[in-house]
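Shared chain: chain A. Partners: chain B in the first complex, chain C in the second.
Up next, the complex of A and B:
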């Protein structure tokens, strides 16, 4: 299966029955997969007339208490930002997929990680965050899609699943059986499913014209984000026990870095990998702890340097942080990263 | 042993499908495998390539900078990948379409007239399968049995009739390369 199709099947496996989308390369296979798959399981697929329409259909379905998903790629994802802000404000659970491509603007259709700022710092207007999960293999897509729906339901928040064109287009073997299915959607007492004349009407809105009330709402959101920061940090560590150096990389770049690390180890360089799996909340504590024992850190991204800002905040100057990035859809190679590892050891030796 | 293979040619020559067959074959043998298409605004007649990594351990980078093997189906692909094949690696050339040989002495080069061989079997379109037969014979990375199982899976009930011809093509490729 292609990565995009794996996201679709994993969503179905996690109990998602509603999908509203609009095609854009390199994620269109996901839309096509859902169009075919959802009717088979009694769900509903609808191709909207635009990304903006799709995200607002998600708002409607989420208000009715069902598991719902939409997906896009960078330029299309930008169009969804207003809707995501509304979802966050109205505290609605939903999963939004971004299979990112080269930008800015219309850019191209090759893989990129240049949407990091947009997905981890809110993206739309207002004081909000969305949890962001970044799988690096097709098997991990299965577990993280499930997690995305769990977090969305548990905290009543939109959750972003971030991949790139490489992850969406590649094929790898996957197992669904190993993954525990997510429990059925519990009754959501807040959902607007009709009171049948019993009790007061329920409303879901992000509008609050009273400033004091809106501040209370904001405080509630901030408390929720604090709880997510405490409980939902995910990170993968590779060969760090004896490491003098570490690479910080996520998603597909982390895999390329892992191969480079294996080769560097053969040359006797003690280097390991810190792979943030949740990009928000960012694994700052773990990076901070390692930075006090590491000689240097190298951040590798398919961007001009975005995650590195979070890495530097976590490191707080305890170790030098270097950067290597490729942009515009160019993928860093194992050899390039290996050269950067060599540079790291030389710079620190001086 | 980790096999890092790039298959390259014109769009429409079946480059992606050849990679897919190997990926399914590797799955059949319980090996780790990744399949990564060159991805851009591709079209029929344009150049296309696919990277297939077959490994006993989990695949790290699905992107290959220096392949252990390359199968090239057109001249531009030959020119692009001949310098990149790792020292000691193998290069399989569709010699009906590519009239080149490499000056490199540190790699093994096999010229295979895959279209001619396929034509003798009755259908030029199985040239890709001939090349795959040669590839598995020389590298030993997958067995004919698992590739046959992969073909079976890809064709399904609908295209079952294509299976005997493709198995014959695999075998023809294997036989041809034995003489090198």
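Up next, the complex of A and C:
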């Protein structure tokens, strides 16, 4: 299965029965997969007239209390930001997939990690965050898609699943049976399904014209984000026990970095990998702890340097932080990263 | 003593925020009375839009979801595709919301034949933001953003949404009504009821365009406003049924 199709099947496995999509490369296989798959399981797929409509259909479906998903790629994801802000403000659970591509503007259709700022810093207007999960293999897509729906339901929040064109297009064998099915959707008493049999009318809105009331509402959101930060940090650590150096990388780049690390180890360089799996909440504490014992840290991204800002904030100057990035859809090679590891050891030696 | 009139249970006790002379209150009541008469208050989900009617969820006595500007038909589509068929879904949108920023959403909801009811309140102006030009603003009409009056050369011509949507095969029922006198208010109620019945019969998309007043931003008294609807709006926005697909069982 292609990565995009794995997301679709993983969503079905997680109990998602509603999908509102719009074509954009390199995520279109997911839309096509859902169009075929959801009717087979009694769900509903609908192709919207735009990404904007798709995310607002998600808002409507989430209002009715079901597990629902939409997907896009960078330019289309930008169009969804208004809707994501509304979902966050109205506290509606949904999963939004971004199979990112080169930007800015129309950019190209090659893999990129240049949407990091957008997905981890809110993205739309207002004080909000969305949990962001970044798988680096197709098997991990299965477990993180499930997690995305769990987090969305548990905290009543939109959750972003972030991949890139490479992850979406690549093929790998995956096992679904290893994953425990997500429990059925808990009864959502807040859902607007008609009041029949359940008391006074319910309202779903993000509006509060009273400033004090809105501040109370916003503080409640912030408390929720604090709880997510405490409980939902995910990070993958590789060969860090004896490491003098560490690479911080996520998603596709983390796979390449891992191979480079294996080769560096053969050359006798003690380097490991810190792979943030949740980009928000960012694994700042873990990076902070390692930075006290590391000689240097290298951040590798398919961007001009976005996650490195969070890495530097976490490190707080306790170790030098270097950066290597490729942009425009260019994927860094193992050799390039290996060279960077060499550079790291030289720079620190001076 | 016989009760000849009582407040509809379709509205909450909340006092509306609408200006004197505004007909939103009347249109709210018509929708509420229709839902009460159809015994549908417990099985209806409404979608409030952005504009003066943004707080409609305080007034309608049924489940309500509030949508982003122009997106109510998309939100209603999401609800419709999830909710059981016995549920009724309606949007309540103004002309800035529906005919400008939300044009794509309304056109495609109609084209899909989405089984929803749209209450489209046309007062030829953006009310909530302080009286700017809407796509429905009449030629020569002065607004905050057309201080010299709307000019066809500068701002183009007003859009007749009902006529436009009636060209779409997916639309089942489209009617334009008015609220400028009691006779037309009663006709408006009839149209609104018909549109919910069409939805209940699962016949697809229906929209009732309701000509409405905005005394505050038109700079007219309430009485002058009603006259303005009759003398200025109706000649450009003629009343009537623009689309009526045969009812189920009536095809032959």
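Keep this in mind: the second predicted complex is superposed on the first by the 348 of 350 C-alpha atoms of A that agree within 3 Å, B and C clash if a C-alpha of one lies under 4 Å from a C-alpha of the other, contacts with A are read in each partner's own complex, and residues count from 1 in each chain.
The working rule: a residue touches a chain if its C-beta (ideal position, glycine included) is under 8 Å from a C-beta of that chain, and two chains touch if they have at least 3 such contacts.
These figures come from a predicted structure and were not determined experimentally.
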item: Touching partner for A:32 - first (chain B), second (chain C), both, neither; value: neither
item: First, second, both or neither for A:110, with chain B first and chain C second; value: first
item: Contacts of A:255 with chain B and chain C, given as first, second, both or neither; value: first
item: First (chain B), second (chain C), both or neither touched by A:330; value: neither
item: Touching partner for A:59 - first (chain B), second (chain C), both, neither; value: second
item: First, second, both or neither for A:170, with chain B first and chain C second; value: first
item: More chain A residues in contact [chain B versus chain C]; value: C
item: Partner chain(s) touched by A:286 [first = chain B, second = chain C, both, neither]; value: neither
item: Residues of chain A at both interfaces, chain B in one complex, chain C in the other; value: none
item: Complex contact set, residues of chain A against chain B; value: 26, 108-111, 137, 165-166, 169-173, 252, 255-256, 258-260, 262, 331, 333-335
item: Sites on chain A touched by chain C in the complex; value: 18, 20, 44, 46, 48-50, 52-54, 56-66, 68, 82-83, 86, 90, 192-197, 201-207, 209
item: Touch list for chain B against partner chain A, complex; value: 20, 23, 27, 32-37, 39-41, 58-63, 65-66
item: Touching residues (chain side chain C, partner chain A) in the complex; value: 12, 41-45, 47-48, 54-55, 57-58, 60-68, 71, 74-83, 87, 104-105, 107-108
